[in-house]
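Shared chain: chain A. Partners: chain B in the first complex, chain C in the second.
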Partner chain A sequence: MSERHAGVSRRTFVTGAAAAAGATWLARGPRRAAAQTKATITYWNGLTGADGKVMDELIDQFTKETGIKIEQQRIPWADLYAKLQVSVPAGEGPDLALIHTVEVPHFASDGVLEVIDDSAMSSRGFRAADYLPATWQGGTFEGKRYSVALDVPQHLLYLNVKVMKEAGLLGADGRPKVPASRDELVQMAKQMAKGDTFGFGIGTVAPGRYTWGFHNLLWQNGANVFTADLKRSALAEPAAVEVADFWASFFAQKISPPSNASCRDAFIAGKLGMWIAGSWNFTGLREAKVDFTAAPVPRLFKQPVVWSMPHQFTFPKPKGADAAKRDAAWTHIRWMTDHVAEWTLKAGQISASRKAHADPRITADPVLKVLMSQGANWQVGQPTPRWVAAENLTRPVIESVYIGQKPGKAAMEDLARQINALPA
Partner chain B sequence: MARRRGLTAYGFLAPGLLLFAAFRVYPLLDGLRLSFTNARLGRPAQAFVGLANYERLLEDTRFHVSLWNTLFYTVASTLPILAIPLLLAVALNRGTMRTVLRGAFFFPFTLSVVTVGLTWLWLLDPVVGPFNYYFGWLVGRGRSWLSEPGTAMWVIIATTVWWVAGYYLVIYLAGLQDIPRDLYESAALDGAGAIRSFWAITLPLLRPVLLFVFVTHIIGSFQIFGQVFVLTQGGPGDSTRTVVQHLYETAFQNFFAFGAASAMAWVLFAIILVFSLLQFRLLRGHTEL
Partner chain C sequence: MSRGRDAQGLLLAAALGALAVLWLLPVVWVVVTSLKPTANIIRVPPEWIPWPATLEHYVEVLFSSSRTARIGRAFVNSLVVSLGTVILVVGTSALAAYPLARMRFPGKTFVFSVIVGSLMIPNAVVLVPQYVLVQRLGWLSTYQGLIVPEAAVTFAFGVFLLRQFFLTIPHELEDAALIDGANTWQVFARIVVPLSQPVLAALAIFAFRSAWNDFLWPLIAVNKAEMFPLPVALALLRGAYSSESYGPIMAGAALSALPLLIVFLIANRRIVEGVRLSGLKG
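The block that comes next holds the complex of A and B.
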């Protein structure tokens, strides 16, 4: 068949095709151009558990609403921090990172994080009045702001209904009894402990090495890792030694699982009655259909302090300034703060911003209600660049106390000596 | 002509040598330089501190403990690592199902150290782990294997043997294939049984392979890290803490003290070098290499 017979000449066909392509380009042009103006940002965090999937969903929603793409990297926290320390000085860091409060001082003093101007915060609607003091202050170091808090991972007391029922520890209302003191907790734990079932545990896995639980008890007893001036360790002081002795009694009295056990698995398997652990565990317990209730962390020493460690949005120092990327990162922080109720409901972490606390979906949830009730008792780690290194040194020492390898006093003196030897 | 061929050979070798120099030799030497400085990541200023990092190691009790643990692991794991794969290889050299069994024994080696560690961590969990459940059923009560200083290192050794036995098994099998069959036939005609043949033929002729396994195992043992990190994180207390873990934490967790960590790395390198030279010297007279 010839072209003429088809009714369209080659020239006409080529001209028509070019015109059609041009028209299509013109029609698409403005939209594509608009899409190109939206920055793509890189975002590193340590949300490697169930909460990471929730963050994925929220980021998808954010991208749909704003057109800003986020390339998220979820890295286990310890590796994330090492990676940030190495990559940021090389100019290979992310545009945005989520870190824990206690990481702010050392990253700030090592020049890994950018200082955030007060004006940058206020112009985007971030105000101190919207946050609880511990979370707002956690973003500052030596008078300068380095981060904005997202949420408040914290401890709470989980009570296993099955285990407590078998031990006769349900109240008249059919709900597990809540220990009101240290003696009562130990007494109840002993009542539940038999064979491979334990009455009390603290920490998700490896309870003997669980520094966050140890810190919680220290803070309850008015003790801390460093003295108030942050110059030397306070762990050899009597209040800290008292905590260490209590720590040693858990496994020695056979009320707590061995040092390397998984308390979470034991709780799910119905082999652990009372469990002080992080708020990030409760959505998993619901998924596993464990019959449990939650209560505030009991006051086991002088004050009802609850350990917490807010997640903080930070800007790692970039190689060169990129206003579009920074603006996109701010847009994400603002968006997440405005949608933090979704994060709280799905990931189980109470928001740092008070605005979401009145959301009826949150106030109706029994566990979230408990978590919010602890707000006045939240405490965070001390603002010193040596905090994280001190915590690393603490882990094996408290484990040796837990398993009875070292007496509390000697262990705390040894630990204080090691911490004091850390470089300033 | 010969010179031209030599140049051609060097030409072919050059890319590999360049990569080796850039990614092996240079970091090694730069690490040596760092070990004489107070280098810390995030603090650009570095000062020459002479032997201070090495002197500090003399006072670092945790380094001493780590060194002792590493040495203990190396010595205690050597016999099982040498013997168990060898016995398996001899058993699997002939017989039915040998291909399937070789595959079965080699399979663990295909797993990453994290997978191996997490698997055993769950199997040995003192509360919900199946191993302890059956152990408790047999002897009345379970044990917290990884929480007790007396057993934790042995569990790490057992896990390592389970993990790497298949790899050494394959090496031994290759060595066994090289032993002429007629030697065994002659020995059988002379009335030698399986055990006598093993001691008189198999073991002597496997010496080069044994030396290879021995040396590579010792070098690898001094660098043990993955299994310990996943299974015990050096615990209970510091009872399974090894030199590489101490080095890793010094470099990447506690203040990124690259200078101090480099000094540890060089001390470890020197120890491995001495042990390797000793092994070669001890076995040189008995083995054709």
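The block that comes next holds the complex of A and C.
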């Protein structure tokens, strides 16, 4: 053994080692280039169910066109957020994640999301002018950008032709009448409510706990969860209490389904006349062959605000920087933004970018047309890390109001106290 | 007197029958719904006889190429994880419980108190440290990364259950074996374990059920869709924003309940016996 060692001079050894290192480096060159053109990125989102299948189709098309592979992990939204909170600090997060706008502030303040600098946005052609303000602003927190909006899930009013016809609420044109005010909505709902048929519902499942519907009404009345400086809850103010009292009247007047019912199932079964719910429901209603029309969310209080919750592309903080993966992720965001008309048509979600809004296939669709017409009235949750925690506290309180367990004023005062006690 | 007793028996049977129907109703509804064509699922009044019946939802969840529903693979994953957990829990709990029940050593009470005390720690509290540990071991998205933590969850309960049972085994049996020349290991393996079959079966069922139904840990610890167990894969069948596809969900739920049902039917007697003998309800 030692003799063989002795036979290799230091010069020979160093020369050989240098040659081997050079050969390895040369061999790595083309492989690295190949990896850059065929990067694989991980992408987490909550698009389970039918919209997930649409996303699969688009991602397959994206991979064919760009060579970039995407490994998706789809889990229900609430679970996705829990997983992000644990995985990202441990360096096990995805390269790209789709989240809701209201999640941006707390994930940003917890250090889960990476800041996106303006040059990265502008160099890839993302400009504020291409977006409606609510969607563009939703991606920022404390002056920094953390996300890019994809689409705008939002509310609209579904009208069940069968139920409204039976109640004599079709207009001269044979289409369901659209309520123009709160009083008119209640009066029409009462006209339809009979036995197990209800006139009005808000929310997909468990209407009594539907915070997104409650927020929509709050915003219409000029109220909100927090004060403008985001320091205290504004829910004990008279405008919020007025909304809570209206919320209590749904079930008390027997115009809405019970708190734990499924408004979606009731609407499909022809047991619900007017339904304020998310835009994500309309493709399913068409599949179920329900005879319905759609209208903008009616103005029930002071202003015709429409609740919306854009999906946002974000970059969870990685363990180490990987330029190829980040480039690939940007390529996907750009590609989806450019092909968002397909997403809108198949998944029923209006794009955040205005570019697709003029697409004739979209403008020809009566429901998509209604959704786009609401653009000026879109509003999103307030940019505070306490928003999601406040929403979790809101759910049982508004349910207690809905079922008549607690008066609106007392419930809102109690809820405001709970929210004020949340850690800043 | 006899007539009164008969009437009492009939009343009891009727009450139990009503209770059984009440418990079974949701299960029957799951199976009935899973056999209905989509268009018939939400229909008022609801139909209890699925006619025309279809297996389309079972085909979809078992063989769908969609990445949302890999129920077939998830089924296998759940079986591997649950069986692995059972073996690990039963083996380690028995080995730990025997000295705690039968041997004398310093700190025995303290060790037992710590193990039993750990039952009071909520799972959510250990989630992050456990995740970091499994990550550092390189076990994320692996079977061992699912089995070992699942087994750890049931271990303390297993030790407690088995220790209580081992305390009831007469000392004379062990003494006789020792006089015959058996060593401690032989006493454990040839006397105590065979006598403990009912309670070991009960523990196996508890461990199987716990691992089979767990959702949160696999959700956090698995980053590859092909490694998801059934509860996570079933959750993927739910549409975002509650726009449900009831047919596949019900078919998935019916399929996922099958193994537990089979295990329970096979080991029913032993489970009841084990619970009775150990004085625990689990």
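Here, the second predicted complex is superposed on the first by the 387 of 424 C-alpha atoms of A that agree within 3 Å, B and C clash if a C-alpha of one lies under 4 Å from a C-alpha of the other, contacts with A are read in each partner's own complex, and residues count from 1 in each chain.
By definition in this document, contacts are C-beta pairs under 8 Å (C-beta built on N, C-alpha and C of every residue); 3 or more make two chains touch, one makes a residue touch a chain.
Note that this is a predicted model, so its numbers are computed, not measured.
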Would chain B and chain C fit next to each other on chain A once aligned, or clash?
clash
Examine A:Ser181 and indicate which partner it touches, taking first as chain B and second as chain C; both and neither are also allowed.
neither
Which of chain B and chain C A:Asp51 touches, first, second, both or neither:
second
Let me test your reading of the model: by the given contact rule, A:Gln72 touches which partner, first (chain B), second (chain C), both or neither?
second
Regarding the shared-chain residue A:Val112, is it in contact with chain B (first), chain C (second), both, or neither?
first
So, does A:Gly284 touch the first partner chain B, the second partner chain C, both, or neither?
second
What is the contact status of A:Ser373 with respect to chain B (first) and chain C (second): first, second, both, or neither?
neither
With both complexes overlaid on chain A, does A:Gln405 touch chain B (first), chain C (second), both or neither?
first
Name the contact category of A:Ser122: first (chain B only), second (chain C only), both, or neither.
neither
Where does A:Gly208 make contact in the superposed view: on chain B (first), on chain C (second), on both, or on neither?
first
So the two structures are superposed on chain A. Out of 43-51, 169-177 or 277-285, which stretch of chain B collides with chain C?
169-177
Overlapping contact positions on chain A, where the chain C interface meets the chain B interface
82, 86, 196, 262, 265, 269, 271
The chain B residues in contact with chain A across the complex are 40-43, 121, 125-128, 132, 136, 142, 144, 146-149, 232-239, 241, 249, 252-257
Residue numbers of chain C touching chain A in their complex, please.
38-39, 42-44, 66-68, 127-128, 131-132, 135, 140, 216, 219-220, 223-225, 232, 235-245
Of all residues in chain A, which touch chain C in the complex?
42, 46-53, 56, 71-77, 79, 82-83, 86-87, 90-92, 153, 196, 204-205, 262, 264-265, 268-271, 278, 280-281, 284, 288-289
Which residues of chain A touch chain B in the complex?
78, 82, 85-86, 89, 106, 110-112, 196, 198, 206, 208-209, 257-262, 265-266, 269, 271-272, 388-389, 392-393, 395-397, 399-400, 403, 405-406, 422-423
